[in-house]
Structures are given as C-alpha cells and as structure tokens.
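Naming follows writing order (A, B, C and D), and every chain is counted from residue 1.
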Amino acid sequence: MEPILILNTGGTFNKRYNPLRGELEVPKDSNAIESILHHCSNTHYTLRSILHKDSLEMNDADRAHIAHTIQTSTSHKILIVHGTDTMDQTARFLALHVKEKCVILTGAMVPFSIDTTEATANFMFALGALHVTEKKGIYIAMHGAIAEHSHLYKNREKGIFERC
Amino acid sequence: MEPILILNTGGTFNKRYNPLRGELEVPKDSNAIESILHHCSNTHYTLRSILHKDSLEMNDADRAHIAHTIQTSTSHKILIVHGTDTMDQTARFLALHVKEKCVILTGAMVPFSIDTTEATANFMFALGALHVTEKKGIYIAMHGAIAEHSHLYKNREKGIFERC
Amino acid sequence: MEPILILNTGGTFNKRYNPLRGELEVPKDSNAIESILHHCSNTHYTLRSILHKDSLEMNDADRAHIAHTIQTSTSHKILIVHGTDTMDQTARFLALHVKEKCVILTGAMVPFSIDTTEATANFMFALGALHVTEKKGIYIAMHGAIAEHSHLYKNREKGIFERC
Amino acid sequence: MEPILILNTGGTFNKRYNPLRGELEVPKDSNAIESILHHCSNTHYTLRSILHKDSLEMNDADRAHIAHTIQTSTSHKILIVHGTDTMDQTARFLALHVKEKCVILTGAMVPFSIDTTEATANFMFALGALHVTEKKGIYIAMHGAIAEHSHLYKNREKGIFERC
C-alpha cells in the first residue's frame, strides 16, 4: 500500500518550552508527531518535516513549498500538521494548486508538550479519516469534525474550530 | 446528522489506580472517554456506559447485551471501547447479530489514566474513520490500522495489534 | 503548631498556557501550589497569593509588600514561590528587612503546568527543609540545594541554580 | 560533603504498568527515583537499588540487608524509598540496629509512573528535611509530615499517613 505522506510545518502543535529563554518555541524536530506515531505501528507513512514556523509567520513562498512537496510526492493521501491561525489560508492555496489528491490539515490549540490529549486527538482523527476516505480535495480536521476546508473555521473567542 | 453511538464496555482503556486497594480497577464511569470527547466539540454523539469489565470476564450474555444495545439504537455508526483480550470474540459475535450498521471496536494496551497517548490515539483514529466511512460491517481499529474484524489480531508477545 | 506561611508571588512556577492568546501567562490563582499541597495533608500552613508577576517585572514596591506581609504574619517559617530571574534581588531585599524569621525562596525553570516534576521537587524540598530547620535567615532552595541566599545563583547558560 | 545514601527497596513508588501482562510491577530499576534526582543537580548522593519488592512481601532477611547496607556505608544521612504497607515494620527493625545515623523512610500511595506529583512530593520533602537535620534516629516522611517513625502511621481507610 502506498504510504501516507505526513508533512510537519510547525505551529502550536509542536511547540516546546525552552527553559533557558523562558519561551515556547517551534522546534526543528518532529518529536511530538513521532510520539503519536509510536502508537501507529500498522500505518505505512513517510514523515517529512519541511517548515518550523508559527503559522502567523508563514508566507506564500512557504505555501508554494508545501504544494510542491505534495505535487512531487507519489502519495495520494497527505496529512499536514499546521498552525491554526493560517490553516485556512494554506488550505485555500493548496486548493488552487493540488488536484487529484486527498489532503487533510490538522493542528492543535495547545502544544502536545503541554497537554498531549488535544493534539493526539486531532492528529489521529485526521489519520483515521484519511485511511478510509476515497475522496479528493483539501480538508480540515479539528475538534471532532472533518469537512471540506472552507466549512471549518477557527473561532478565536472560543478557541475551537467550528463548522460554518 | 444522526449521532454516533459510543459504547463503553470497560477494559484496560478505562482502568484507574485505586490507592486504597493498590490495584488498577475498571471504574463504573466513562471519565477517560469523556476526557477525550472534551476535545470533540463538533462530534454529534451519544455516549452510553453499558459494561465495566475486564474483557477476560466478558461472557456471551454481555455480548448479547452489546448487540441488543446496537440493534435498538437509531444510530448506524457505532464506536465500542472494549478490552483487548476478547475484542475479537465480541466482534465475531456482533458479526452474527448486527447487520446494516458500521461498528468499530477499539481499546488500549495501556490505561488512559497511565498514558493518555495510546488510548487517545486509538479512540480518535476509530472516530475519524467512522466519520467518513460509508461501509457496513464489524471493524477493529488499533495501532494505526482499521480492518474488517478478522484481519487484525492481538499479538500477545509484542503487545500490539497486527494485520493477519 | 504555628502554621507555615506560604506566599505565592508568581513566576514561571505558576505559568499556564492560554490557548486563546497562544501564550504562557502568570495566572491570578495558586492552582499549581494547591495541586502540590493536596498531597500535604499533615502540613499546617496558610497560603497567600500576593503577587502574580513574572519576576523580571517585580519592583521594590512589590518587594516591600512581600516584606511587610512576612513582618506582620505570626508565622516564623515562610516559604516563597518566586520567579527565578530576580529571586536573588528579592532575597537581598528581605535580608535587610526581615529578622528573626526563616524565609526560604524557591521557584522553577519549567512551569508546573508543563512538567510537574521540577516545580514539585523544588517546592517540597524547600518545605521539608523548612519543617526541620531551627535557623533564622533568608535562604534559597533550588535543584537539590538549600543555602544562605547569597550562596546559590541562577546559571543562565545551564538553566539551573548552582552554589557560588 | 559526605554523600546522602539513597536506598531503593521497591514499593508502590516504583511500580510501572506492564502492558504484556496487564499488571503493575515493581521494576528492577530506579527510573522513578532517577527522574526526580534529575532535578537535584546540587545534591551529593549515592543511589543504591537493593530490593525490588512490594513491601507486603518484605521479610526480616530483607530488613537485615537494609540495615547492613546502612551500617557499612560511610554516609550518616540515609533516605529509603519503601512500600507503605510495612514501612513501619522496617522502621522499627532499623531502630533496633542502626544508631548514630539519620534515616528517613518515604514512599507513595500512587506510583510515580501514574502520577508524578505525590511520589515527587514525598521524596523531595524527605530529601529537604535530610539536608538540614542534625538529629539521629529513624524517621518517616509522608504527606507533608516528618516525625520519629512511631509517630506517623498509614491510615488504610483514607489512604494517607497521619500523625498518631
């Protein structure tokens, strides 16, 4: 079976506390994702860590890099871990440039390093959906929903994604 | 949208340490599942806690109770949290008695109360798959795989589920 | 027995992640300290939460407030949870203004909400020392040491307190 | 400065879940204690792991082994991690055989691997007390108290140690 391509682009999902600087940082590794995938011995995947940014700092060159990575992969199912603030922008960008593949974006409101549950829940919900879907398109999976990307948005007052 | 029926039947997934008795016990509540569902504000579900057993103690009367609960529910998508030791037996029993519905069984090798990650991962992978599937049948979802129930088994030496 | 006075002044020890703002904040409560004291059913204490600041923002008015709180308390044993960056400054200030009492300052390099172990370790080490000491003075207890305050300093390169 | 001798004898403090057997086991390592000591870079100690038993299985030969280890050590301050069920028996045994040293026994009602806070709290409270005490004798430190060993007992209904 063709491997699922898992792309790590950074975001809150990955942040870790740096005690020397007293700040949360997006690390250059994928430790959080790997901690979850440790429990997925049956999933055939390729994990690529291509960006390490808070999504507020992500620009169209970064989005083109994500799109190019997807286009040139042999995988037809792609899971992207992304910051929540511009997940919608990246999804719209990918919708213009990626056809004939199923892409699901997910992320977290709280870093895996602070509370493992929400990040694990979102990631694995997306991975489960990706396993069984036969559709193409750009989707967002967050907080117990998966939908075509324009149908889920971040409610900044509540701190959760909701259908729209 | 019709709610997903989530059935808690006990098992390692739910176990908690009782400091007075010095033992892990299957509690009579669904705290572990509720802790995960706290992050699923978009999922429309009904949670029913119908059994509180280590799955080695589960008998056919228990399985008939599970089957009856599914048959009499209006839901067509069912997620069952179950002990890993007899998950296969319950699945075979349900395959004989439940038609026209999609049932996914999941569980954990390590209690949610000891390590949240594996239990959350299995549960949410199953929930994500259940959201998008359009198939009927009895499935097992464990350790990054979802398959028709007879195609995943518990490898007791390794402590993981594998395809067979 | 006279209660131990526990003063919460904020600092990294107490910080929690605010998912709406995407930042760690010093909360206005003492939840972290109370989580630890939950396991101290035999300790007779008074907990007062008097400041909620990152210690870099603490000024001499704040320090005078701490000193005044200690001076006017009937307790002769005081434990202060304080940010690590200016713990030494507050200790020197207290050394000038507090006599005839035993004051131990402690804190953490990593918030209790991110990793419970270091914060719990420092707090309980200080509390254990405070229970048995019969000395007066201003002490710092961090990372497995208790010493007269001028004999422990924060090594900012290593992220630990060391003897000097 | 003479190192503190830390003796690991097993007990609930150290227990870990074995997913292959579905049980909590007393491991043959001192990982829990080492995880705490990781935050004690200033403490000069020797850690010896001499028994790996649930304290209900401990016998007088085991207690003689503990006493002998203490007698033949050059350290005069000893911290013992011990199961809670027979901590009092071991303390009485040591009171007969160990003179001229300060011995503090501690443990936990909940394994460090399940909840780090109580185990860390008891251990570090004991360590802090041991740093500053100048007394000899056999003490128990649990749940925010340190007392001569016959003055603290395990209340089995409440699951905490109390003064008597």
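The working rule: a residue touches a chain if its C-beta (ideal position, glycine included) is under 8 Å from a C-beta of that chain, and two chains touch if they have at least 3 such contacts.
Labels paired with UniProt names: A, B, C, D = Asparaginase/glutaminase.
Keep in mind it's a predicted model, so treat the numbers as computed, not measured.
Engineer: Counting one step per pair of touching chains, how far is chain D from chain A at the shortest?
Structural biologist: Graph distance in the chain contact network comes out at 2.
Engineer: Which chains does chain C share as contact partners with chain D?
Structural biologist: none
Engineer: Could you tell me the distance, in whole angstrom, between the mean C-alpha positions of chain A and chain B?
Structural biologist: Here the centre of chain B sits 26 Å away from the centre of chain A.
Engineer: Distance from the CA centroid of chain A to that of chain C, rounded to the nearest Å?
Structural biologist: 39
Engineer: Between chain B and chain C, tell me the centre distance in angstrom, where each centre is the average of that chain's C-alpha atoms.
Structural biologist: Roughly 45 Å, centre to centre.
Engineer: Among the residues of chain B, which ones contact at least 2 other chains?
Structural biologist: As it turns out, chain B has no residue touching two or more other chains.
Engineer: Within the complex, which stretch of chain A touches chain C?
Structural biologist: 12, 17, 19-20, 22-24, 109-111, 113-114, 156-157, 159
Engineer: Touching chain A in the complex: which residues of chain B?
Structural biologist: Chain B residues touching chain A: 35-43, 116-118, 120-133, 135, 141-146, 152, 160-163.
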